[in-house]
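Paired with subunit B in one complex and with subunit C in the other, subunit A is shared by the two complexes that follow.
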Partner chain A sequence: MLANRKLILAHFWLAFAVFGFALTLGAWQMFIRSPIGTWLSNPELYYRSLTAHGTVMGYVFPTLVAMGFGYAISESALEQRLVGVRWAWAGFWLIVAGSIMAMVPIALGRASVLYTFYPPLIGNVFYYLGVVLVVVGSWIWVALMSVNLRVWRKAHPGAPVPLAMFANVAGSYLWAWTAVGAALELLLQIIPVAAGLKNTIDAGLARVFFSWTLHAIVYFWLMPTYIAYYTIVPRAIGGRVYSDSMARISFILFLVVAMPIGMHHTFADPQVGAGFKFVHSAFTALVALPTLLTVFTICASIEIAARLRGGRGMFGWTRALPWDNPMMLALAFSFVMLGFGGAGGLINMSYQLDASIHNTQWITGHFHLIFGGAIVIMYFAIAYDLWPHLTGRELIDIRLIRTQLWLWFIGMIVTTFPWHWVGILGMPRRMAYFDFGDPAIAPQALSVTFSAIGGFILLTSGIMFIVVLARGMRAPLVDAGPYRFAIAVHQPTTVPVALNTHALWVALMIVLTLTNYGYPILTLATTEGTSVPAVYVGAQ
Partner chain B sequence: MSAHDLFTLGNRHFRIGVGVTAAILIVTAITGFIVLPFAQPWVQFANVWDAICSAAGVPQRAANVTAPEQSKRLSEVVLTSRTLSRPSQEAIGRGATLAQRCAICHGPTGISRADSPNLAGQYAAVIYKELHDFRSGARTNAVMSPFAVNLTDPEIADLSNYYAYLPRLPAYHPTPQLPKPNIVIYGAPMRGIAPCGACHGSLDNKTGSPWLEGQSEAYMKAQLQAFASGERRNDISQQMRNIARAMTPQEIEAAAAYYASQPSDVVKAVD
Partner chain C sequence: MSSEDAHRSVEIAARVERRWATIAVIIVVGMALLAAFAGIHRATMPQPRVEITDPSRIHLSGEFVESNLGSVLEANGNVTVRAIGQQYSFTPACIVVPADTPITLRATSADVVHGILIQGTNVNTMLVPGYVSEQLMRFTRTGDYLMPCQEFCSFGHEGMWGKVKVIDKTDFANRAKAGGRLSCVGQ
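And now, the complex of A and B:
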């Protein structure tokens, strides 16, 4: 039952529109700093573009996807009309307003500070206020998800919360808490300086606050993807979820261990003690656990589908899988990219190995592979799967969809593998220009050229994606039936309280944040003389 | 079982969840704060508490190390993008009177006929900072320093506002315009050199950086060499020294010649 289709469609369309825009900027960035582009002699334009690309891809796009998908899950998994529709629209419009407010100063060159804010660099105050509005809009969604679950629980006392909704609410709580770090940084530190009330800033403390947000935000981006793994793919290919409890445990683990690990982004920072870096590094190792559980459970789930379709043998069953089904393709591509990206992540999380790739192109290669690749390809899958239920029309271009997914996969590999490689060779990230005539980096010209070509493959794929969805808006009408999620082999009739509620795990998340962040934040905030003069963008 | 029973030791999931989390936390904390600090043979700790404080990053100054004595003064000027913005007409008028004593070198219209810098239309914050540095001794020059020592704070502000107010006239000895050399628009990323234009105009302006178009070539060259040798050191955080040290003599020549050849009316107006 999807009653508020317009609301959900609005979120998805806005998400994919800004995605198309930022994707174009990304391809341009790749091109302009590669040997095949002619340098435009103005790094400022590059950083403008980079700020817009990062802000849209990091904050606006995934947040809108999570919200739209979250509303869809709430209505269909709970089979209950969304409570608080007006609030939901208010949240949506806050995001629209915030995005415009942030984009104007960026376009004017007044906020080329990159999406990580980079204090003591300070841009126009409206950029930061715009980001705050986007976050506030998403917090409305968090509240609505919680309220809707509560309303449902009242009507179904003690019943197991459907897996999709359980995971969705876990993701929303994770986001609510992890966004607090950047919110503190913006409200207490950056905005007062940008508004002219102060002219110095404690950049070290700001980086610690940002790291509070920066890691778990990654898992917030990941949530829709994991929800799709568990609750869409098995249904779409005719299988069953191998274990409902395993799924719940994975989402709970994300809630607990995604937060207290953000300082792996500050390994190279002198203001954080080595002991805390070690503790964060150790907890980071733990966060591989829910992903490994997920990979295992999903592989088992698709094996069930294959065997139901007559697959035989130790590995022979893989041939029986419905490889022409876009959901199957998307999942397979996503897993391959997750595998490579995860292997790279092991290097990033190790205190010592990280030093060799810190701030190099390796990092950008890594997160494009995981985020742009493994995660975003499942966003495509979610949209394809939901579209007929939202529009009441059939998606007829199945071949186009398959080509689109293939191109995204190929483009991402062609883009990111050489990107990692030049990073290992020491090429720094966030640089507008490279002189490939210099013998020191001339050998990297070929790799960077490949990345740029990959970028255009990705752009092509992105355009195809939007074309498919747009054509889906005027395809013949069909009755897609109610939207359903995968069911488990043993569909639970009762679930222990711990696996049916979030309170215990949210409490652990908060406690671990306090133990792992409390002391560093307190000392930095109370130590005198740690602030530096702000550097204003675009001001003489 | 209701949610109330969850937060009790009687609940198995509560025991396991909290127990395992606490165990991991304790083990990693002991490893990170006690075991690993002592595993570094090159660091000595007086006791366990000392090691814990060190690993926690407690701000401390080692007792037996004193900060090196600063042989030369460094700049103490604080600049913000609002320093001296929006001067009054009176301030500019007072500045004009004071500036008469500067005209012998810097020219009656703020355009030098010698190889002293042109000041007409230079950013106020720049003149303000240099005068303060000359006065404090952070920057020294046999001719300039004696003029600066007796200036008061309001006088420095007025002078800065006056020169910033003057129109940007063409330089006294204009040369044919040269094309932009690489060092100005690209910098040299592999040597950590940002493009000159990223701070000095042409691409972007940063607070405290002068615009350079039409300045004397000899003057700019001398300054770059002084930064490179460390003879001039009033740049905040060594911004210019780090760059000048990494520049080749040819790049210094090229940058100085390029900026000297540019007409000053291309400089972006800033408020």
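And now, the complex of A and C:
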């Protein structure tokens, strides 16, 4: 039984509460700019909502899930009480304080700069300070994960680190380093201007700093999902992990190559030269590798489960899978969305194809499908799987859980497929209003309407998710037993040092970041005359 | 299972896995090579060079003063279009260009980050204040194209839509005879 259930539950409940809030805003945004909504007479309200939606979904929600899940992994995989519980609570409260500090100026309309900041637009300084507090709170978690692993290693010299913890710590290091880009942008560039100490800013340099964070943050969001693929799904459906070493290699690859690729977000930017754009494009292709390896290993792992259940034939075994098991359902939906989203991602990172969809609704469709779809549906599955161990109560609404997962999948497809399509038609992002009466825009009206309906399906599913968890707090008591992770077909007794430690890979991650970002950042930072006047948002 | 069987099954598992890893690496390397080939051979690539400009002075002197904005027919028959984005419009708001002609778009921002996207084409670039964006383009079809700002530029962003009017090559040449910079105005 997990010792610090209150701590973990606090993280999950806060995560899902803010998720519900941001999901509601998202559904409203889809509606209000669609042909079935009416013209919002004050478009500024839309951008307020958009800033809140992005800030919560990008910085607060996934971070809290990773943290809560990380603490649960540390306690259960290492079978050791969490070291530094007080620090963990301090990190939690920092996130609470930071979120409130950021949300107040957003609600007042003083920070409608979107979660991607976009200097030289400058909002209220407390918005940025709030985001910094959230990140600092999460860095405490990073340190704790490292400390807990170290304590365990001392007690178990040379023993293979359990896969779940190995991956969890890799994810935490990835986050610590990827957050540095936005932290540099905030501390060196934006906050001095927002605080009134300076009034000019280099917008090009800021975009490069942000791209450092913007891509790898996605892999940080992805980590809990991949950990669930490898260490929860096979156990939950009665299978084994096909290969423990390949799993470790995949997480190492994420750690190393997720970082130095962010400039594919700046292909259309004038402040980066073609050479580095190409380097980042090639490295982005490389990040497909751990996903391709994962898809293979997980499919093989579930095939093992199916064959153990009597499945036969080349593909006939798929019929023997436990399709009524929520974990199986979530995994299948997640893979379908990962497949479509991943294919779209290859287009985005392409040196040539990106130009036809850059900053169109295609991009919004893409990351909602990957993050909101493939990743978040596994967050649901993780919560369902952990809940009895956190509450000591049984989750009784299995049918409701299945309906919820189905609705999330259907809602995500109905929302994002038309969203991709209007992007191909050239519909720009982040607009509060479209004139569907214009003959050139009218053909997009039907697709946008579908997306808006999909948004409401997602909202319904989100409410059902919270209802299931809330009812789980009052369900009959049950002894869930210890929380276990999947074991491999050939459970390792010894693991090469390179696959059992992170130091080498963290060093490689830092070196690759410096080679891929060092020169562009240095050149931009030392070029005179690129700072431009700040434009304050919401100033009266 | 005897230890020998176990040993064999480990070997088979590892072999299958290696095969897939090799395929995955080939896919990845293939994609990168394809991009490199298309970039070098067909010269399709994002903007290669970095040029800077001072947005607080662009209206006073240099390439982006108001009298120099719009389309101009160069001596070699190519066309250069100069434009700026500012909250919340483009200047010129309607760009006129000839069909079947190599065109260079040079643009920048006078205040915050904007973007230019011409619908139905792959012309798509960011306008970052302090830097000059350059795009090569060529239209094969005459007609009107919408040109929205594709980047959030504050509260009026949803109203920032420009237009591109592509006209016949000879019409454009006739209009260009009078000299000056062309836009849809006076058409």
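One rule holds for everything that comes next: the second predicted complex is superposed on the first by the 538 of 540 C-alpha atoms of A that agree within 3 Å, B and C clash if a C-alpha of one lies under 4 Å from a C-alpha of the other, contacts with A are read in each partner's own complex, and residues count from 1 in each chain.
What we mean here is this: a residue touches a chain if its C-beta (ideal position, glycine included) is under 8 Å from a C-beta of that chain, and two chains touch if they have at least 3 such contacts.
What you see is a predicted model, and the numbers here were worked out from it, not measured in a lab.
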Given the alignment on subunit A, is it a clash or a fit between subunit B and subunit C? clash
After the superposition on A, what does A:Leu512 contact: first (subunit B), second (subunit C), both or neither? first
Could you look at A:Trp39 and tell me whether it touches subunit B, subunit C, both or neither (first, second, both, neither)? first
Touching A:Tyr433 in the superposition: subunit B (first), subunit C (second), both, neither? both
Quick one: classify A:Val256 as touching subunit B (first), subunit C (second), both or neither. first
Dominant toucher of subunit A (residue count), subunit B or subunit C: C
Using the touch definition from the top, say if A:His368 reaches subunit B (first), subunit C (second), both or neither. neither
Touch check for A:Phe278: first (subunit B), second (subunit C), both, or neither? both
Contact-wise, after the overlay, does A:Val497 reach subunit B, subunit C, both or neither (first, second, both, neither)? first
Mind working out whether A:His215 is in touch with subunit B, subunit C, both or neither, as first, second, both or neither? neither
Examine A:Gly196 and indicate which partner it touches, taking first as subunit B and second as subunit C; both and neither are also allowed. first
Subunit B/subunit C common contact set on subunit A: 43-44, 271-275, 277-278, 282, 286, 428, 431, 433-434, 438, 440-441, 527, 533, 535
Listed in rising order, subunit B residues that touch subunit A in their complex are 1-3, 5-7, 11, 13-14, 17-18, 21, 24-25, 28-29, 31-33, 36-37, 52, 54-59, 78-82, 123, 125, 180, 182, 185-190, 195, 198, 203-207, 270
So, in the complex, the side of subunit A touching subunit B is made of residues 39, 41-44, 196, 199, 256, 271-279, 282-283, 286, 428, 431, 433-435, 438, 440-441, 496-499, 501, 503-505, 508, 512, 515, 519-520, 523, 527, 533-536, 538-540
As the complex stands, subunit C meets subunit A at residues 6, 10, 13-14, 16-17, 20-21, 24-25, 27-29, 31-32, 35-36, 38-39, 44-52, 54-56, 87, 108, 111-113, 115, 117-120, 122-134, 144, 146, 148-159
The answer for subunit A against subunit C in the complex is residues 43-44, 46-47, 112, 114, 118, 120-121, 202-204, 207, 242-243, 246, 266-275, 277-278, 281-282, 285-286, 288-289, 292-293, 296-297, 300, 346, 350-352, 354-356, 358-360, 425-426, 428-434, 438, 440-441, 489-490, 527, 529-533, 535, 537
